[in-house]
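Just so it is clear, A, B, C and D label the chains in written order, and each chain counts residues from 1 on its own.
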């Protein structure tokens, strides 16, 4: 039998995350999929995007003929500065992160555990040189950490698990997970289902998940 | 639309609670004098004040002390030209003093704002102000362990402010203000000039909006 | 009369010695590319490089690595779009890597510049990058002890510079540059614009002259 | 018999200190007598005065009709900013001091010991509230610490001593002492006489000093 539900596209996932961000928050968006979130914050709703390299108030990609070559984001892509934006140096920028001033960070994940542990910086393949960037600082410092990820890997392995098997980025730091099929709160009692895509039942979702899902209490 | 301007200093400090730790910026200039006066009116008591000094004369911070609203002062220099109130309370044993070297004070506040729990500094090693503190030797030099300072409220003074709370300071009016702005749960700035969002040069903003919760526009002129 | 301008990048890096620790600013933009090229020409070897990454492609820092002039890299992200040289050396075990979370890297450099010997941070607690490091609990939260980073030489890039060495940066070109400027015995800046002393707004100078030893004027245009 | 020598005035002491400061140094001058040193640095000789409250490049007192009320020094007196001066915040300013970036600090003293210990922040009178300001940071952080002080107290007690009896400001931090009658280097071997005012012999100077003076080696 064919599946009766349809996973969200990356754009739909980004829009879903954006919907939950209130006006006034200072938000750091990780490299990759989380970056898309900023495209879905409505004009006129002041959500201030922070970039690790010292930008407070990062705007969207510039038009090709309006590039300021000195304005790049943490992924080294050209960006803009919004009206009201400010520039600081790297230690001050990470002071914002580590000092708890960022209201929300959205990151990708290899694995999220039911105790809120996150693994997103290293695999078990030791041949590659490890690279961490600012991920551990964001995990330790942001007020809230939300994860955007597919429910499973391309080969169907669950990414939401009982305990991470990959090296940890941070301990008990994830509070919410937005996947391509569902949204979960993460608390001391594990993964709690907030919503799933239409037509996807909790049993089928459980089969795609490596830890027990609780229904909304 | 974010608008952190509030219409009065009274409104700005309305929810300061008894027992709060309050950082107060300023060093000769750059004191948030109107916010301090509002705090005096507001009535919160049992306060811990973190500032460079302990009040001058009988106004401002000295008045707050005189009204017995301050339990403890954390500062580097409680002895100024006319610190009569602090002197009296101190001699009577009615106020607690935590004396901190000025650079250690600034660094402890900066640590509080930047997520550093504590750090080792060479300042005060071997002196009375390091008594009872943990020490450590690194590469033949001795250091004293100091903990971060946090506050419930920071009252600061700035030169220009926009509705997001981006701030600039004027010359020596900067002093402790930007550092304290980072270390409090609630940072309130009184500013001489209210400017449009976007009118401050992004590379020259001394305190980015992320650190500021409320701004009050008070064009009070000469600081002395 | 103080004049920290030197006439060429060759002169600027002439006395860098074998075995030096060299900090190199930049993060996508703001790399001191001409100073790095001069260091390649100059010949110093056995270097420890402190930077955010470990070189891209085969030019600049990657070229320095390829020439086997670097013993060790201290960085947060040695894996970029095209980090072929570092990869090769790393897989052959011919270069040492100290991997540091980006914020811890920035903070360790800042500590080096500010006389802080070491500090406690929550970053990396419980992860592989904290293995073997001292930890401590403060108010129920766990922290990792990290030591300050110092350098013999910092190579940085800035936007404007005057003859005393006061510097400004352009937007994201700021990044690690002002922090590294504080942490080295010898700080060398390449600047796009040579400006008269007094033409920079004193409240907007990002790196005061005290941290800068030599300045080279290189109007090189677009950083990419 | 009347004394055949004349002590230096405060102005002469300041001029004597200023003479030893080379161009290019960043110098912090303590409140009180050390402040006078800056008046004796010749125009055109770039010596950059640092003030703890965040001024790098402090100039002399302004004329009464040209006061910028936002420019005060660490003693809260009106000052000026020289061409090339910069402003930083208090933590960055003390980062300059504590990080070893200040070439020289000149302070006053209650007592200087032959091992370089300095006492200048507190007396033994416990009734007064203690106050330290930035003195301990300057002792611990400046590259060099020079002291300007009278050879003895007003009542004739020596200020240069074997061991300080007043509470210490810093340990083994003083490298030079300029008094109203002599100049001393301070090293592991104690006070070494550099020069004395004309007519003052080493024996008479020794009588005014609480530790053994060595002649110039």
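Please note the rule applied: a contact is a pair of C-beta atoms (placed from the backbone, for glycine too) under 8 Å apart; a residue touches a chain by one contact, two chains touch by 3 or more.
All values derive from a computational prediction rather than experimental measurement.
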Worksheet item: Between A-C and C-D, which chain pair is linked by more C-beta pairs in contact?
Response: A-C
Fill in: Interchain centroid distance [CA atoms averaged], chain A/chain C, Å
29
Discussion item. Using Cα averages as centroids, what's the distance between chain A and chain D in whole Å?
Written reply: 55
Worksheet item: How far is the middle of chain B from the middle of chain C, if each middle is the mean of its Cα atoms, in Å?
Response: 32
Worksheet item: Taking each chain's centre as its mean C-alpha position, how far apart are chain C and chain D in Å?
Response: 35
Fill in: Two or more partner chains touched - positions in chain B
107, 114-116, 121-123, 169-171, 174, 202-203, 206
Response to the item:
Where chain D touches two or more other chains simultaneously, the residues are 81, 87-88, 91, 94-95, 97-98, 140-141
Worksheet item: Does the chain-touch network form a line, ring, star, complete graph or other?
Response: other
Item to complete: Determine which chains touch and list them pairwise.
Response: A-B, A-C, B-C, B-D, C-D
Worksheet entry | In the complex with chain D, residue positions of chain C that touch it | 1-2, 112-116, 162-164, 166, 182-183, 197-198, 200, 202-203, 205, 208-211
Fill in: Contact set on chain D toward chain C in their complex
23-24, 26, 44, 46, 48, 50, 56-57, 81, 83-88, 91, 94-102, 140-141
Discussion item. Which residues of chain C touch chain B once you look at their complex with the stated criterion?
Written reply: 107, 111, 114-123, 136, 138, 141, 143, 147, 168-171, 174, 201-204, 206
Worksheet item: In the complex formed with chain A, which residues of chain C make contact?
Response: 27-30, 54, 76-79, 83, 86-87, 90-91, 97, 99-104, 106-107, 109-110, 121-129, 169-179, 206, 222-224
Discussion item. Help me check something: in the complex, which residues belonging to chain D touch chain B?
Written reply: 51-55, 68-73, 76, 81, 87-91, 93-95, 97-98, 122, 127-137, 139-141, 167-171
